[in-house]
Amino acid sequence: MPRLRLRFAGDLAIIRRRAKGTPSGALPGVQQMESVGNMREGIVLLVAVFAPLAGAFLLPLFGVWSRRLRDVSALVMVLASLGASVALVPGALRGEIVAWSIAGPLGLSFSLSADALAVFMAIVSSLVGSIIILFSFDYIRHYENQNEYYTMAVVFLGAMMGLVFSTNLVYLYVFWEITGIASWRLIGFYRGKADVLKADKAFLMTAFGALVMLIGILAVYGMTGTFDLAAMKGIALPLGISALLLVGLLSKSATLPFQTWLPDAGVAPSPVTALLHAAVLVKIGVYVFARLFLSTFVFDEALRTIVASIAGASALVSAGAALIETDFKRIVAYSTVSQIGFIFLGLAMGNALGAAGALLYILMHGLAKAGLFLSAGIVEQNAGTKDITKLGGLIRSMPWTAVAFLLCAFSVMGIPPFGGFFSKYMVISAAVSGDQLVFGAVFLAGALLTILYLFRLFTKVFLGEPHGVLAPETSRLMVACVVLLAALSLVGGLMVGWPSDLARVAISQMLGVAG
Amino acid sequence: MSDLLLLVPFVAVVLLYLLPKRARAVGLWVAFGILALEAAAAVLDRFATVDVGLLAPLEKLLGFHLATDGLSGLVILCTGLVGMAALLVARRTLESVNERFLFANLVLVAVVGINGMAMVRDLFSLYVFVEVTAVATVILVAAGRGDHVLEGAWKYIFLSVVASVLMLTSLGFFLLSTGGITLDAARTGLAANAPLAWIAMALFLCGLFVKGAMVPFHGWLADAYTAAPAPVSVFMAGIVTKASGIFALLRIAQSTLGGATPGREILLVVGAVTIVVGAFLALTQTNFKRMLAYSSISQMGYIVLALGGDLHLGILAAGLHFFNHAVSKSQLFANAAAVEKQLGTLDIDEMGGLGARMPVTAGTSAVASLSIAGLPPLAGFWSKLLIILALWNAKEYAFAAVAILASLVTLAYFLSLQRKVFFGKPLEKWAGAREASAGLLVPAVALALVTIALGIGFPFALRILLGGGA
Amino acid sequence: MTPLLLILTIAVPAAAGLLVLLLPSRRAPWAPAVLAALACAFELALAIYAFPHDVAFAWSWMGFGAEFALKLSRFSAFILLGIATFSFLVTAYSAVSMAKASSSRRFHAWVLFTVALSAGAVLADNLILFLVFWEGLLLTLFAMIAAGKTRPFATAVKAFVIVGVTDLALMFGVMLTGHLAGTLSMSAIRLPLDGLGAVAFLLLMVGAMGKAGAMPFHSWIPDAAIDAPLPFMALLPGSLEKLLGIYFLARISLDLFVLTPESWVSPVLMGIGAATILLAVLMALVQKDYKKLLAYHAISQVGYMILGIGTALPVGIVGGLFHMLNNAIYKSSLFLSAGAVEKEAGTTDLRELGGLGRSMPITTLCFLIAAASISGVPPFNGFFSKELVYDGALERGWIFYAIALGGSFFTAASFLKLGHAAFFGKPTNAKRTVKEAPWPMLLPMIVLAGLCIVFGVANSLPLERLVQPVLGTAMEGAHGGTFAGFPTNMLLVGLTAGVLALAVANHAFGVHRTGKGIGAVDHIHHAPGLSSVYTLQATGVLDPYRMLVVVVGVASKGLYALDRAIDWVYSGLAAQSALAASWVLRRAHNGNVNRYVLWALAGAIAVVLAVLAVMGGGR
Amino acid sequence: MIWFTLLLVVLVLAALWASMTTTLLRATLGLALASALLSVVMFSMGATLAAAMELSVCAGLISVVLVSVASLTRPRSIQEEIASRRSRLRRIWPLPLVLIAGGVALSFVHAPVDIVLRLPAGDGDVRTVLWSMRQLDLFGQILILLAGALGVLVLFRKEAKDDD
């Protein structure tokens, strides 16, 4: 019988666990605090999650005081996440898993755990997130509701961190939905009627998926009696439950047949679309897919065909749409949908090559696509339109933006030595080596379409005859951010060994095989 | 001390009337103080133990057969919180001292009724206290000023009478079949599978369904909520309907039904139907309060649905949802009051972009909306999760799925509300609108903070809740 | 010879390219060109030094079989030497021709990157590494065309897309090959040509042909001839791309797969080669622009190489590879002559040129040597390689030989027309006084023309030192171990001579008919049947790129409709039905209290009945 | 038994008439009749006290009050009468149906017919029952009266204010 009675039952335990080079085994439910010294890494983990998540709510207060202070502290919070994530890299490369947990009743233990996969994803999110926040300094300056913008953007990134490190399905869902709430506010940032409608649409579509996924989570709970991912490792999931979970993942990752909210969400300010479409939000689905279906459950062969088919259809349909659309950001958004298909392909193959390729894809696509969206932002803000039929010849007035755009586009197309090449190669190659030649061919067609629509976009916006006044680049900071992303895309390719090392550790932890 | 919960407000009402008319402004604060004490008592969990020596003579004299448990504490806590919020709203929205005084008095009367319901162990007493609350509430509704006030009150009375008839009939049947009308007696009768006892139970449940506005017994609710003055709707939506209908169901499910067939199935079906119909009804409403009203119906369906799940978890979940919804919905009605005070209208189609003018109201309403829609990390998510878990544990998968997917409709109408009222471009028409006064903001902010805090600290809270049992 | 030197062949040009990009060019506008030429000279020295060595090494890179593996073999040393030579000559040339262009700095940087990537592609011994270098050339290709003068971007995009498509095919082929072979190390792969292996081979072949510019992946080259800077044409479509494309084609035919005459892939290759020869040369024939005419020849000549390799006979392969080398020599020479003409006469439109022979004698001489060489006139180098290809082709089927021979006829005819129109006859544009080109431009031409003669007369030098070692043991026993010296099959030589004579006769006929050198082939141009094809081609309908764009356009419209349909399910169907449900329910709530009471009573009855039903059922 | 059944039927009919008629006076008469019949039933079942209360309060006192109130109202015109009757009939016809359905439903109950009332100890004396067993409910009744009083206060205040 439930009773309202104040009693501090149970214990708050901070645990830290090391598992050298082995796939993560069962995480002990509750352990006593080992020693203060060992808490250090746990604290790193907490900083990564809560510096932005909790700190965000200070931002409106800072904003009342000083705009500059608010902007800089937003950046600092995200950088703190990045720093904390990077600090976890050496351990992750050695195959160590840092974990931190508070035991809770009914399986609701709040557990964070940083394996290589999580660290990888955390770095991608916070790295791109930091650049986007930096970009926002000059971009958002011109609009109302700046406090809300920074709060929500930072909350979003914090929730992303939480999601990445969570090993409890319920908390994963919690962070998942926080990102949904934040993106709802962010998409409706301009407050126009259409904007808010699109924000609602995005929210509803992703929430629908999330709710279906919640049914799936409960089904898993019903099967295993736990929400703890580590405890359910190695379980074979019935296809029905997988399908329920998959609906959530697909909707969050804007994959067919839940893709249409993403282009619509292009009404948001460009840094937001960069954040949502490129780097972070849409990667949630693929990340959780990797976390659940590759890292935790026994990989189901039937799932391979299903997911790969969906991914293939998604890649082609949205690439086709990108060739027809005339709105700058919608095109890039469709491109995201298409590229997410590639990531799903890599994961769906269930082999080491595909999974590693998918991870690299997350990184490379995040960097490059963020660059594309931010370029779109520069163009939109300076030229006052994002209709590509009304743009043209901007390479003359915006040479840096144009070149950075092109470089990022090369990376998305998968042209070496840009990072996008390696990831694209690896995922398609995974299909081939998995004897799935048809999927390989489909995605090859997708890659071709990618080249076509990105060049179409580049040609229409930056080349050709100018329409009206050629708007110049007004903010050096914004241009610098875009150039930085382009440069990172290139460096990511030239130095592909670095992310690849981490990805390989992640794969070995996930699949239990050496990459 | 449980007797005090009945006596103190009652005595207070009587004493207030002895005050000189000049001093009537005090009435509101007296009521506020009593409610604050009530909430404190519920939280501190002292009312069952402290009074043994001190109040024994009084108890003996009165001879009330009261019993308290966690559920009583829960409803008393909610009453305290919601009542305080309603009183604060009343302070800013009711214009004359006299109106506020009367409001405070009637609230106190209703509170006695609710407290009584919280603690009785007897079906007839339950019925009596339900009626006490109903009468006080009807008068509260009728005391308003609008054109539709009487209509709302009238519908409330009318269906209340139906409920009374059903419940009285039921009591008669209980007397016939089991010879007793305590909860335990009824339980024995049901356990024996006596058909007449089950019919009696069904009728009593139907009476409570009317009170708790379960579909299809819900006709009165939207009109009454909409017609009622702002503080009254806060109070009604926050606690009255829930206590007199839903809490009573909770009590019966806990003490009498015990998860037996067919009571459980009735609760499941009625709950599910209510959730869905209420949610769809809310979707296209254009009156702020009416939308909230239908939302209330839908959410109360969740509580009833939970009662059909795994018994222990279900009651825990229902209780939590009860609390969360009481907090959030009264807060939303307080928000509605703030908006109405600024704009003079409740038609959401005429509103727009108020977020820019009333940021605190907008922010708190968003918190409450999302909490009710069951979005983490707010409190509403956890109670819904537990509800669904309870259903899942009872292998009621289809009902669990309905409960989950109906959340989407909930989210849809709340998003539509947010979009039309707060989250849009500021309209020229409302350039004069300002943030509501502190008096209206305090309850909204306080309740929103409760929602957030409970949401974030939920697992700890749950640990505490489970500490005693389960 | 250490691995370091191998790395240097890639790193030096790349570093130089980076340096060029970063240099402050305003102070020293000559610096990029000089730096580029120096770097290429260094590259050439390295290539010569490395030539006799065999080096291989591998560093671990990114896992999954991708190693940073380089290997210097006979073949790659040969190609590397070619790359270094041609890039050195072209940079020396462009130092002058591009000196005043605003894009000089960028252009030279791209040239250097191109050299670095080409060297990498040739040296790579790991398929992924190879792919990285190979596809990286796409970027420099794009950037170099984009550095052109007049609105070059459309052409750059076209080139990028076409080559990109073939590169994607190549990528797929690499994946398939790696999958079948179980390794990505090129020197360890040896697959039979059957089933999936054949598919893989064809995919790789598409990549190689795309790079080499064979049909149907050719259509950007004529466009680039107009839009891109001229040294680019000499460097990429003229020489480097042929070297790389044919290098890779030969690698897959000889090393990675076992191409035998019995395989069905062999006729496919030969067919593509033959088609390319004939169709491209027919297009070249009617061009009225110096550069464009050359561009079509650049395509047509690839056909001989593919045909040669496609025979799968040692004689054909040696002929194809030798032709690759020869073609690079005379084709870059021809392009450079076009550049000289363009620089001095201000145009490359044949209708405005004429009589340049007097004012530009050295250029004219170089042109004549190179033209004779491409037309297969003995004793220039082109003659010898073509004869070897003919020999192989005839052995595999007379039709291939016939087409190749026909190609020769049109080649000769078109160069007769070109030479006549540009260098002889009367100057049409008398206003401008034309001088001989400056020495830095002439020297590369002279060197290349000289090579045409040397490689013809002393053909044992290239054949025995460069080409034949590539085949290794396959050479033993055939033809006494060498194909050097004058062709032994006099019938073929005679037929060749006959065709050349026919071309001269045809030219005389045409000139007689129209009275001008440029009109020498008008009778073919306007021949019934052919003329309509030419018209279609002129409007671009036959351009495979255009077809691709149209097909993709239609497909994407369909896909977009599908996307909208899915969107409708949410924005339309789901939303509307929810609203409709809500509306119906709202309509039911009309505020009538009787109705509400009725509902409540009905509900109560239903509940009671339900209870009764359950209880009754329980009995 | 037949008489008893007949009484019940007439009672129901009277109640129905009271609720379905459109004039206040007839409704009042119907109510009074129903109450009177009810008290007869109660008498016949031995609940003398309840019967007396029912007869005096419901059939007597309330009827008087209602009749006097009705006399203060203006009778409707014939047109109004006809119009309202039609609409009223249209709206109220389900009531008998509901009753019939309810009756049918109840007839399915296979309840034991030999109902034995197990009244609480303290045999019969109303005062004892009320005070020793059901203090709480009495307290509730007091509260209802209090609330009613407050209601009168509120609503009449309001009337007065509206008159101003």
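A few remarks follow.
For reference, chains read A, B, C and D in written order, and residue numbers begin at 1 within each chain.
Methods note: a contact is a pair of C-beta atoms (placed from the backbone, for glycine too) under 8 Å apart; a residue touches a chain by one contact, two chains touch by 3 or more.
None of the values given here were measured: they were computed from a predicted structure.
Chain centres here are means of the Cα atoms, and by that rule the chain farthest away from subunit B is C. More C-beta pairs touch across one of B-D and A-C than the other; that pair is A-C. In terms of their C-alpha centroids, the spacing between subunit B and subunit D amounts to 30 Å. Between the Cα centres of subunit A and subunit B there is a gap of 41 Å. Computed centre separation for the pair subunit B/subunit C is 77 angstrom, with centres defined by C-alpha atoms. Residue positions of subunit A in touch with at least two other chains are not found. Among all residues of subunit D, those that touch two or more other chains are 109-110. Of all residues in subunit B, those that touch two or more other chains are 195, 199, 412.
Here, these are the chain pairs in contact: A-B, A-C, B-C, B-D, C-D.
Partner subunit B is touched in their complex by these residues of subunit A: 1-10, 102, 104-106, 108-110, 144-145, 170, 173-175, 177-178, 180-181, 184, 188, 191-193, 196-197, 199-200, 203-204, 207-208, 211-212, 214-215, 218-219, 221-222. Listed in rising order, the residues of subunit B touching subunit D in the complex are 6, 10, 13, 62-66, 98, 102, 105-106, 109, 112-113, 116, 120, 122, 124-125, 128-129, 131-132, 135-136, 138-139, 142-143, 175-177, 179-180, 195-196, 199. On the side of subunit C, the complex with subunit B involves touching residues 578-579, 581-583, 585-586, 589, 591, 593, 595-597, 599-604, 607-608, 610-612, 614-615, 618.
Remark: subunit D residues 91-92, 94-95, 98, 101-102, 105, 108-110 touch subunit C in the complex. By the touch criterion stated above, subunit A contacts subunit C in their complex at residues 201, 205, 256-257, 259-261, 316-325, 334, 352-353, 356, 410, 413, 415-417, 421-422, 425-426, 428-429, 432-433, 435, 437, 440-441, 444, 447-449, 451-452, 455, 458-459, 463, 496-497, 500-501, 504, 515.
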